[in-house]
Each structure stands twice: as C-alpha cells, then as structure tokens.
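What follows is a pair of complexes built around subunit A, which joins subunit B in one and subunit C in the other.
Entry: the complex of A and B
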C-alpha cells in the first residue's frame, strides 16, 4: 500500500505541480522531459480510448495498471488533470483526486489572488496541506511498500 | 459552524463595494468606454477562477445554478436565435444596481459590465468561446436587464507545440 507520486497538469499541458513520496526508482530522464512524456501519453491514451469506445462516454480514461503500479487519472471540466501513481493495492483513487481538486487546489490556489493560474504552483500552504493529506491517506504506508 | 457562516456575505456590502469600485474607475479613466473595458477585463479574471470553485461544488453546469449560487438571482433564458447559438439572459432584478442611479454625464457607461467578463472567462475555461454583451439595462431606462450571449466556437484541445 503506497503512493508513489502526483502530477497536476493544466489544460495546456504545463506541469503545475509535482511531488513524490515513495518512488524508489527514477525514470533516468530530466523531470521536464518526464512531464512532457507523461502529458503526451495521457493525451494520446485519452483520444484513443474515446475513439475506440463502443458507446458514448462521459469520462473515458480513468486508470491503467502495470505489473508494478497503477496510474489514476482525474480530469476536471476546465481541463485540469490530476495524475497519481500508486501501487496495485489501491484500486480506486478517484475520490482522493477529486478531494485534492475541490478542497486543496480550489481553496488554496484558485482563491489565492497571489497565485497566477497556469504557472507552477509555488504556494507553501498548498504544498504542505497536500503533503499532509497524502500522508494521512489510509493507503499511504511507506513501510509496506 | 464557521465554514457555513463564512459563506454568507451581506449582499448590501457587496453591492456598495461594487459601486465604489465603478466610481473609482470612472474617476481614474474619465471615459465610459474605457471603464466598460476595464470592468469586462476584471470580470474575466474573476470568471476564470470562479469556474473552478463552481465545478468543485456542483456536478451539472447550468447557468441558473451559478447565478443563484453567486448572485442569489435566477435569470430566465429566452430569445433563442433560429440557429440556436444565441440567447438572452433576462435579469428581473440585478443586485449590483440596487442603490444606483446613473448620472447624465455617464450615458455610455455599462455599469454591470463586469458580469459579461465573468461569463466569458468562466465559459472559456470549459472550452466555450462566447460573445457576451448587455443589450438592455434598467439603469438606462429599459424595463428589464438583458444580457445577450452568442456561442462562437468550441475551443479544441491541442497538444503543446514541439511534442512529437
């Protein structure tokens, strides 16, 4: 049970926020490159998934899993994208990502006039609240990782 | 509790604050056209943030819900264009103008133009480009306040440049 890392992208593909908790192996590329690849992959998978769907769907892509981790995806109607990687024991992190959006992002970034929207989020308050929230999650447990 | 009570703001205070803001803008710019433009710009900046707060609280996006939520009024939607891309929002009472009378030397001032900017900014964030303007205003002697909204296009999401 654990959380590996979290990305927040804006509607234009800029990575607004990144943090990692129990990530033992790095990708071996620069963070900037990693963000670009991550956004590109999400963009493609989203459009592919909706093209292949046999029925009209409201929210298409939700998550994928590999043998080692699961990627959870949540997108708001305004195009913000929340991406969290966890281990396989976490089956659904939708509520968690939704909570980060409505109780942390909206409260501490959108309602803070000093935070310029569309730039990387350097609010200390937001970072510390988010960190505390992630660490308090029932499935956040670095020892079991 | 504290969170619930902080959501309730005295509406008269809001109305008076807005009035003070418009008055100051009139002093600073000395030109109604320019004031209208500034109000629209400010509204736009409010709108792009307000939409996030709105989306975080409600699942379904309906103009009526938002007006009720932030202004306490429910405008009616009428006068659809034949093509269905244009309509009017009728405001029977506009809380922004509760204590307002326009002086004669400000005949071209669109007092509540901030609302146009709010609508434009908020909708742009959900991929809709719209044109918003006041066509009737009780402040200028019309019997109702009418905001005309025209749908321009859906904003397509593009992959950032330079990504192959």
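Entry: the complex of A and C
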C-alpha cells in the first residue's frame, strides 16, 4: 500500500509542486514535459467526461485506474488541481487531497505573505509538513527496494 | 434503447449506459446506447430571458443562469414544440436573434443535455484511445496497462483492451458490478459474430445483426445480475 507521487497544478497549467515517494518508473521525458503531459491529459479527461456523461455531474472526474496504479484527482473551485498516484489498494483519496488543500496549502502557502500565488511553492514548511502527512497516511508504507 | 423523460427516476435502477468498440488505430467501429437518461425541462419564458445563451459547437447552450432543472451547459432542444436545427430554428432563423426580439414572446423553450452526434462520438472514442496510451506512459510503476477504469460521480467507464488492440468500452452506473465479466462476454460475442462473419473486414465498422442481438441480451443479463447482487 503506497503513495507514488503528488502533483499540484494551478488554473493555468503551471506545475506548482511535485514530489515522489515510491516511484519505480520514470516517464522517459524531462520533468517539464511530464508536467505538461499530465496537465494536458487531465484537461482532456475533464472535457471528455463532461461530453460523455449521460447525466449532469456535480463533481466530475474523480479518479482512474490502470493495472498497476490509480490516479486520484481533486480540483478546487479556484482551479487548483491536486493529483496523486497511489497503488490499487487505495480506493478513495479525495478526503486526503481535500485535507492537503485546506490544512496544508491554505495554511502554509495562501496565508504566507512571502509566497506568491502562481509561482512554484518553495515554502520549506509546506514541503516538510506535506511529506510528514503523506508518510503518516494509513495506506503509506515505504516499499522494500 | 430506453429513453427517460423528465420526472422519471433514474436513481433506483442500476444501468449500463452505453458500449463503444474502438479499433487498433483509435477509430470507433461500434457504438450502442442502451439507456439514455435525457433529463429535459420545458418552460415558458417572457421577455427578457433571464438565462444567458451562447453559441457552442454549432448548438445554442446556456452559459449563465440556472433554474427549474435548467443547468449551465444544457442546450436548446426545441422552441414552441418544434425541434431546433443546430443554431437555427426549424424555419432557419438564428435562435439568439429570435430570442432578442420581444414580439416573439411568450416562448416555450425545451432545454436538456445535448445528444452526442455520430461525429462527436467518433472524436470522443479517438480521444479516449489517446488518453488510454498516455495513462500507461505516465505510470509511476513498471508494466502498467492503459486506463482500465475511469470514475466520475455519475458514471464509471470500464475499458478492456484485447491482445490485438481492440478496446471494448462500457459506461455504467458507478454501483454496477460484474462489468469485467461483461467486457469479456462482449469480446466473446465479437469473436463469434463479427470475426467469424465472412463478410466482416477487420478494423471496419461492425454491421452484423447477430452481434447486435447478442450484445443486447448480454447487457440485459448483466444489468439484472448487477441489480440482484446489490439488492441482496
């Protein structure tokens, strides 16, 4: 049971934060390209889902899974996107992502007068608190190498 | 195909909404809508209209304003009982111009989620084909497949890719169980009634009556089994 990585995007598609804990395979492209591809994929999935949906949706796209991992998605009304890849045993990480937004992002970034919104998050306090929070999750366990 | 009208309750029954089959190249070769819950709202309006409408994709949609079952994103389906054609009324008048004229009021307009045209379905199938591949490329784990299941709050999309690259996609209620077995069953029906049909060419649109019939009955069986499982 583990968390692989976490991305935070702003409403314009800039990747504000990225961290990985248990990533086994790199994408084979540079990090900037990977962020753009990830954002593009999520933007396309949201557009796809809104067209395909047989009924009106309230929250929209929640997550997807492949044979090896699951991607969880949470978007705030201000367009901030939280994306977390975990293994298949984690079924619902929405509350986790919401917690990261309201208790970590809002507390340590938004309320920080030095942090400029829209630029990458370089608050050490935010990084360390986020890291501690992820490691403390009940479904996180460091994989044996 | 069952069509729901406004007022009918879609929440009690768990259903399978539709089935798509995509070939190796990403082209849609088969599509079937099993259950189309088109919730529509018809209201009589007086001048001025309190909803903001705009042109979007050759249709007129609500861009601002929400009341009585009419939501943002709903399209204008008919005016005064007559179905509209794209951006114009049945008489050929531009809808936005028509609704700006106070002499045309009171007017009865029906709003609802726009039905997907065949072209749009083709585009969406190709879009999913690409997204499936990107899901595999961005994987943090080695040896991942593409997107096998995509979840939203109103539907779940299941995808099964065969060894030959054909994708079977099923859109169902999020609580519906047994879709994996259904996907395998659809693959079986495809190999029995499409592949073994001497008049069917590979990767081409599937136009085999037996395939349609067997698919419909497989969907009925799966829906009943899913409902039974959830109730007990």
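We adopt the following convention: the second predicted complex is superposed on the first by the 142 of 145 C-alpha atoms of A that agree within 3 Å, B and C clash if a C-alpha of one lies under 4 Å from a C-alpha of the other, contacts with A are read in each partner's own complex, and residues count from 1 in each chain.
Definition applied: contacts are C-beta pairs under 8 Å (C-beta built on N, C-alpha and C of every residue); 3 or more make two chains touch, one makes a residue touch a chain.
It should be emphasised that the depicted structure is a prediction, and the values quoted were computed from it without experimental measurement.
Steric overlap between subunit B and subunit C is absent once the structures are superposed on subunit A; the two fit side by side. When the shared chain is aligned, subunit C comes close enough to touch A:85, but subunit B does not. Draw one line from the C-alpha centre of subunit A to that of subunit B and another to that of subunit C; the angle between them is 90°, to the nearest 10.
Once the two complexes are overlaid on the shared chain, A:111 sits against subunit B while remaining clear of subunit C.
Shared-chain residue A:30: touches no atom of subunit B or subunit C.
Looking at the superposition, the partner that touches the larger set of subunit A residues, subunit B or subunit C, turns out to be C.
Of the two partner chains, subunit C is the only one that A:68 touches; subunit B does not reach it. Residue contacts after overlaying the shared chain place A:58 against subunit C, while subunit B stays out of touching range. By the touch criterion defined above, A:38 reaches subunit C but does not reach subunit B. For the pair subunit B and subunit C, the least inter-chain C-alpha distance in the overlaid model is 6 Å. Applying the stated touch rule to the two superposed structures, the subunit B and subunit C interfaces on subunit A have no residue in common. Residues of subunit C that touch subunit A in their complex: 10, 17-18, 35-37, 39, 71, 73, 113, 116, 120, 124, 127-128, 130-131, 134-155, 157, 171. Residues of subunit A that touch subunit B in their complex: 11-14, 36, 39-40, 43, 76-80, 101-103, 105-106, 110-111, 117. Taken in their complex, subunit B has these residues touching subunit A: 48-49, 51-53, 55-57, 61, 125-127, 157, 159-160, 163. Only residues 4-5, 20, 22-25, 27-28, 34, 37-38, 41, 44-45, 48-69, 71, 85, 87 of subunit A touch subunit C when the two sit together in their complex.
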